[in-house]
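The structure is given below, and queries will be raised subsequently.
Chain IDs A, B, C and D follow the sequence of writing; residue 1 opens each chain.
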Amino acid sequence: MQSLYYSLILFLLLTLVAGLWRIRRGPTAADRMLAAQLFGTTATAILLLLAEASTAPALHDVALVLALLAAITVTAFTRRVRGLRSADLGLVDATAGKDAPVGEADGEDSARSRKPLGACAGERREGLARDASPDPASDLASGLSSGSANGSANSAAGGGHAG
Amino acid sequence: MNSVLVFALAGVGLILLGLYALLVQRHLLRKVLAFNVISSGIFLILAGLARRAPGAEPDPVPQAMVLTGIVVAVAATALALAMIQALRTATGRTRLDDDGED
Amino acid sequence: MLVSLSILLLLAGAVFFLAGTLGLLRFPDVYTRLHALTKADNLGLGLIVLGLMLQADSLAAAGKLLFIWLLLLAASATAGQLVASWAQGKGIKPWRG
Amino acid sequence: MAWLNLLPLAIDLVLALTLLWLAWRALSSPDLFRAVVLFIALGLVLGLVWVRLDAVDIALAEIALGAGVTGALLLAALAKLQPGATDSAEPASAAEFAAALEGDPDTPRPALAERAATGTAPIALGSTLDERPVGAAAGTAPIALRWLIALLLIPPCIGLGLVVWQLWVPAPGLTDLVAARLDESGVTYPVTAVLLNFRGYDTLLELAVLLLALIGVWSLSPAPHLDDAEPEPALAALSRLLAPLMILVAAYLVWIGAQAPGGAFQAGSVLGAAGVLLRLSGWRLSPRATGWPLRLALVLGVAVFAFIGLAVIGLGQPLLGYPAGWAKPAILAIELAATLSIGTILAALFIGGRP
């Protein structure tokens, strides 16, 4: 049983290392982030198998922490590296935010974060549509609302390529 | 060939790579990454030294040192990144260039 | 009996991980790769977790394994959605065969 | 079946080679974003290496930091360092940055093309993500100097390798010494005993260093005003689900640290990650909380540690020498305070700038 565990660990490790190739290849930043996301699942599986192979139940805690935090890096990527694009396109006036008095900005922020979830979702849709339409690079400009565009992406991602 | 020794020697390799990049790269963010790689190499050697007695419990003292060291390294990284940003705000530069001798 | 079932599940899980990595490397664009990663790999992890749960010492240990899998499902599903909508916001076009 | 015994060694060799390869690519990749992602991957591989080295505590901290704080910190710094993020906006370089991010040859780059056509595209893009050498501003030192540095570095590193090799005689180190006094330490897990009792002064000073780093960051700039969009519904739901769980797991790690891997530093790292996730999901501290409550949380770890350490002197003990029977509650109080402080400091370091 021990040797089966170790063989599986080695096998998973090799699939993990092979997946890292995607970080080098890209081509888009999202592809590179995906390879980092690969770590969450595969390393958790490796940790769980290692816990069994070396009878170290403490490794379950390591796997638990990894599973708990697996989404944070990707979230940071989509939230932080996203912001720059709208600034690039001149949609967000970079100087306006800077000149605003500190207290006012804070007040607005806390007011926003108190809004119910539904209101946030609606605002976000508008934000996305506003984001996309003046961008000639995106095919969203062809009058697709952001909602239906989301749907098409999902079906493109979901259709036809069963693993 | 001992597994622990493999990792300790890999630690030496990390120190070499990190030192080289620290000296050669000009972008400050890369220098910060290089610093982190060097410290990872040092941590590897320390944690390897904790495991020299085969089959016995690992030595807790180096492990405790590495444990706190990792957290402190992250804090130092955050400070370095903030300083790079301050430099960029002040001078518009994010790297050390030879030209100008400043 | 239980042990052989467990071995079978572990091996099946490894196959799904292989499929996930192959998809990540071979699929043509970020959306399809996302699909390979979030679905195949999490199914693989689920099978491995199930295989290990069959051998767990206690109910609590088995529950912890299941909890880890559920956490990763939530994380992967969200991360996949975020990356896809990021890519779409950037105007990265889905591949059309 | 002798080859089966080689399996763990094969795993370790693959891990060690991956480590070196990732470090090499992270430090030499021409694209900064790629370098950062490779570095994040390096941290997670390192987490697996710690497990193989029987250092579960370090693995916990490394994975909690690598997956939680470090990656987010570096990506946020990268996004802030790109052109156009400061007051002196450089739209064309920002478009170049976006193109570098997208990287897809099929994606048109209208902004840059348009600018190039009108002749307004700036030439020096050297400090963008994509570090193509432009003119004299190459990303590295000249090739001759690089070779010289490499040659000069090889002898000391061979020396270091030899030292490591020579040190490899079986030696228990301080294991026996720690085991002999473990009963007096107040906990049953040696690493926690070393951290909070035998080498308590060391840990106290490390907490002070964390605080100093934050003071440094705060003294550099005020907190940035991020025009964060509202979180996607999925992200909002995830942060509501995971943040309380992270706090729960942090408490669990402190509790289990007395008898198994876990403790203030690991728990604090998880707590810091919770702060990062909440911040990324658009949560802010209310202005009332950024005053003394925040500052109290930041210094509580050092304050409680130093207070207990000094108070025992009044009881006739040496500095940080807990009186017999009082070690367990003292360690518990210090660990709880330290966890809160480490988590708050890490989250504050991610946010950057004084509130």
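Everything that follows uses one rule, which is that a contact is a pair of C-beta atoms (placed from the backbone, for glycine too) under 8 Å apart; a residue touches a chain by one contact, two chains touch by 3 or more.
Remember, it's a predicted structure, so these values are computed and weren't measured experimentally.
Count the C-beta contact pairs for A-C and for B-D, then tell me which is higher.
Looking at A-C and B-D side by side, B-D shows more C-beta contacts.
Based on the averaged CA atom positions, which chain is farthest from chain D?
Chain centre farthest from chain D's centre: C.
Could you tell me which chain's Cα centre is nearest to the average position of every protein Cα atom shown?
D
Whole-Å distance, chain A centre to chain C centre, using C-alpha means?
The answer is 15 Å.
How many Å are there between the centre of chain B and the centre of chain D, using C-alpha atoms for each centre?
About 11 Å separates the centre of chain B from that of chain D.
Approximately how many whole Å separate the CA-defined centres of chain B and chain C?
It comes to 32 Å between the two C-alpha centres.
Just curious, how far off is chain D from chain A if you go by their C-alpha centres, in Å?
Using C-alpha averages as centres, the distance is 19 Å.
Counting only residues that touch at least two other chains, what does the list for chain D look like?
In chain D, the residues touching two or more other chains are 8, 15, 52, 78, 98, 101-102, 104, 107, 232, 235, 238, 242, 245, 266.
Give me the residue numbers in chain A that touch at least two other chains, ranges are fine.
28, 33, 35, 40, 64, 68, 70-71, 75, 77, 81-82, 85, 137
Can you list the residues of chain B that touch 2 or more other chains?
In chain B, nothing touches at least two other chains.
Spell out all pairs of chains that touch, sorted by label.
Touching chain pairs, listed by label, come out as A-C, A-D, B-D, C-D.
Would you mind writing out the residues of chain D in touch with chain C in their complex?
It comes out as residues 98, 101-102, 104, 106-107, 232, 234-235, 237-238, 241-242, 245.
For the complex, which residues does chain D have touching chain A?
Listed in rising order, the residues of chain D that touch chain A are 1, 4, 7-8, 10-11, 14-15, 18, 22, 25, 29, 33-34, 37-38, 40-41, 44, 47-48, 51-52, 56, 59-60, 63-64, 67-68, 71-72, 75-76, 78-79, 82, 84-85, 87, 89, 91, 94-95, 97-98, 101-105, 107-111, 222, 225-233, 235-236, 238, 242, 245-246, 249, 253, 256, 260-262, 266, 270, 273, 276-277, 280-284, 286-287.
Considering only the defined contacts, which chain D positions touch chain B in the complex?
8-9, 12-13, 15-17, 19-20, 23-24, 26-28, 32, 35-36, 39, 42, 46, 49-50, 52-55, 57-58, 61-62, 65, 69-70, 73-74, 77-78, 80-81, 86, 88, 126-127, 131, 136-141, 145-146, 149-150, 153-154, 157, 160-161, 164-165, 167-175, 178-179, 190-191, 193-195, 198-199, 202-203, 206, 209-210, 213-214, 216-217, 220-221, 263, 265-266, 268-269, 342, 345-346, 349-350, 352-353
Given the complex with chain D, which residues does chain B contribute to the contact?
1-21, 23-27, 29-30, 33-34, 36-37, 40, 43-45, 47-54, 56-68, 70-72, 74-79, 81-86, 88-89, 92-95, 97, 99
Any idea which chain C residues touch chain A in the complex?
3, 7, 10-11, 13-14, 16-21, 23-25, 27, 30-37, 39-45, 48-49, 52, 55, 61, 64-65, 67-69, 71-72, 74-76, 78-79, 82-96
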